[in-house]
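Two complexes are shown next, each including chain A; its partner changes from chain B in the first to chain C in the second.
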Partner chain A sequence: MSELGPVCRQGLDGVSQMPVAEGKSVQQTVELLTRKLEMLGAEKQGTFCVDCETYHTAASTLGSQGQAGKLMYVMHNSEYPLSCFALFENGPCLVADTNFDVLMVKLKGFFQSAKASKIETRGTRYQYCDFLVKVGTVTMGPSARGISVEVEYGPCVVASDCWSLLLEFLQSFLGSHTPGAPAVFGNRHDAVYSPADTMVQYMELFNKIRKQQQVPVAGIR
Partner chain B sequence: MADVLSVGVNLEAFAQAISAIQALRSSVSRVFDCLKDGMRNKETLEGREKAFIAHFQDNLHSVNRDLNELERLSNLVGKPSENHPLHNSGLLSLDPVQDKTPLYSQLLQAYKWSNKLQYHAGLASGLLNQQSLKRSANQMGVSAKRRPKAQPTTLVLPPQYVDDVISRIDRMFPEMTIHLSRPNGTSAMLLVTLGKVLKVIVVMRSLFIDRTIVKGYNENVYTEDGKLDIWSKSNYQVFQKVTDHATTALLHYQLPQMPDVVVRSFMTWLRSYIKLFQAPCQRCGKFLQDGLPPTWRDFRTLEAFHDTCRQ
Partner chain C sequence: MEAPPVTMMPVTGGTINMMEYLLQGSVLDHSLESLIHRLRGLCDNMEPETFVDHELVFLLKGQQASPFVLRARRSLDRAGAPWHLRYLGQPEMGDKNRHALVRNCVDIATSENLTDFLMEMGFRMDHEFVARGHLFRKGIMKIVVYKIFRILVPGNTDNTEALSLSYLVELSVVAPAGQDMVSDDMRNFAEQLKPLVHLEKIDPKRLM
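== the complex of A and B ==
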């Protein structure tokens, strides 16, 4: 598969779910957050979209070994418009170009798409100094299921270095809802952060939201 | 206009003088009226002549009186002040058409502005001379006899010596690597990579540091030709700030006689940025101030401060 096109900016991302405030709808909580960001001095810079489709391995390929079918997630991120990410739950993450989607159609015999499993988050991007904040509404089909908040700090590329810095920034506008450090940070201390790590975080977030009930309940990862 | 001319002018006497002129004009016109009218009709010729002469004399007396009065008042009015700041161009103020040609007021403003500029420039040069920013070994105001002396030797060093010094510094710190190249003549250009935090391009002039640019670890430091890009700034505000601080540092560390000590101190100072994103500010204890981490490193103690928190 061809590699990712030249990425000019590759900072550190923290993705978390924001619980919906009591008595308010998803939309109102999103508006609350964006207003807090604008008060902080952030500037709006367009929109973003991250989506995810689920595939499972077709029954015919399981064969005699009796292994359970694995779930594969194919994701797109508007931040990297020429790429397509394919990942397994605990496994590797493949970064490919957009022709991968066409390839998936041809691989229908091996991977079948789970119906009505497409989940996506859409929202606005805000720029504050060197931070890029994306607040999005997570929707599955027609219903809004939750809120995702992604913060990217451009200058730093090593995961373990600036988590405290990111946390302080998150606290300034999320208040008490700041999450703990994502698991990806703990694994490799000095490795350079890559977009695949962001997609892994989004995948975990989407899975968590899928497991929740219809009415979003507070849950910080 | 009035504020320039009113010094020494007695406005009341001025008004009285104007009315005295009017009185004088009317008495002079009475004289000519009397002459025009000629002699009145009276019984005898003598009577007519006498009456005419008496009338004429009265009129002339009144003219005399008015003229004396006017002279007295004109002495009281006084002269307009001689202290024109603009000398002859101050007469431009007498132009009555102010709307179309506001020359005088503009002239005054320009003059005041240039006076203020001169004053401020004098103050600034006095303050700047206190902090000497010269980096050559020549002393200021050296006598003419010594000036034709040869350039100080520290400015003309063999490139091999510069290479040696730099490679020794390269080996000093494990997390800092220095790569030296000479793409533009004899001045060395260093690419310093500090851990995975930042890259610094240092342009040198023999063994003196001339300019630095600080960029992020993931930013491109080469131009499309493959040469070192020494002009474009970083895309991130934090590294633009660190570039400003590095420029301050290279002006701070100065020792014209021992430039290798200077380069060593500069690199030691630069190395303290390895913890740019991890160290909180020593003064306020926080990581972020206006979205920036503590970017200032004290020149002596190498402690981290926010730009707004440093003493």
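== the complex of A and C ==
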């Protein structure tokens, strides 16, 4: 599939975590997955990266607003290079242009970035017919903490119309690790899917991985 | 908390600091037509552009003396246009030779849920208004002639009343920090609008 100039591609995305295979490292599990995809006939199409920084309300602001310190996530997705996504858990997701990052610098007296909690996933994109599969290694700082798998079904933007198709495809190479329908669909099965929904799924995935124990480093080969 | 003066720092943390250079003036309602006529002659040839915008000003109060101000603006007459979020820093003082007001600015296009998001961040709306007027361009200079309308019932942009019997005229340029020759070009352009309107550097602090 070739892209002609800036194409507004929008499909339906399912983001899930692939547990690391028994006795194997993160890297080995990623290789297992990508090999399965290549055997299916998927074509490599460049790389992707999704990152997430966490901000919390500075103590000085808390008292006057009278609300518990909230966590705000600022995320970027290489599929949407000119955008920046800012979201609160169970709250609104703002889609803005990359100047939002500049604004966060101006706001540093009110919102502090927890530098150590920057998390990102990087990997390869595979195109298989109407499916775009992205398998990424999730890292926090120097350590690999897990694997993310994102599948986008291009032709459809309504969850209820194609979620089962997406699930079936996921099953064909994730096997028993296929997830259930993401919470982001909730009761909005007939709503049009948008990139913000993908970012919410990544945020939930990153939060889940942050809470997990660190994946043991592979034994020496 | 304001960032340190950015005039001398074209780049901070990998991003270019943009500055807004501003000259302001006003004309009484009955002089509007002659001003528009002259602007049409002096400015770039384009279809006369009018706009109706709704601006909301949000404040975030912290322990710092001055709250953080953000301006959220949306078009009332262009469906589908993104919301515009704007941060304006304190005016850079000092150089008396600089002909325009200079302040750091950050402009961000956002999705429609901007106001909900700002509230979630802890911002509270301080005031809102509707601006209705004309837009002209000359190269990188933007000239706006508009009237401010007070919103009588919060959130209801249909029920408004004009704030004054005049139109605000603003000549502005957004350019990277350090380009002070921009204010010379602005001053030269402003000369051509005299005596219809006198555009000058107005320090907002002196009005308070």
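Observations on the structure shown:
FYI, the second predicted complex is superposed on the first by the 205 of 221 C-alpha atoms of A that agree within 3 Å, B and C clash if a C-alpha of one lies under 4 Å from a C-alpha of the other, contacts with A are read in each partner's own complex, and residues count from 1 in each chain.
Convention: a contact is a pair of C-beta atoms (placed from the backbone, for glycine too) under 8 Å apart; a residue touches a chain by one contact, two chains touch by 3 or more.
Treat the numbers as computed from the prediction; the structure is a model and nothing was measured.
More residues of chain A are touched by C (comparison of chain B with chain C). After overlaying the two complexes on the shared chain, residue contacts for A:Cys156 are found with chain B alone; chain C is out of touch.
In the superposition on chain A, A:Val105 makes contact with chain C only, not with chain B. When both complexes are overlaid on chain A, the residue A:Gly175 reaches neither chain B nor chain C. In the superposition on chain A, A:Pro142 makes contact with neither chain B nor chain C.
In the superposition on chain A, contact of A:Ala96 is made with chain C only, not with chain B.
By the touch criterion stated above, A:Gly46 is placed in contact with neither chain B nor chain C.
Interface residues of chain A facing chain B in the complex, by the touch rule stated above, are 8-11, 41, 128-131, 154-158, 161-162, 164-165, 168-169, 172, 190, 192. Against chain C, in their complex, chain A makes its touches with residues 57-58, 60-61, 63-65, 67, 70, 72, 86, 88, 91-97, 99-103, 105-111, 196. Looking at the complex, you find that chain C touches chain A at residues 1-3, 12-13, 15, 60-64, 68, 85, 87, 89, 106-111, 113-114, 116-117, 120-122. Interface residues of chain B, counted against chain A in their complex, comprise 196-197, 216-218, 220, 235-239, 277-278, 280, 286-288, 290-293.
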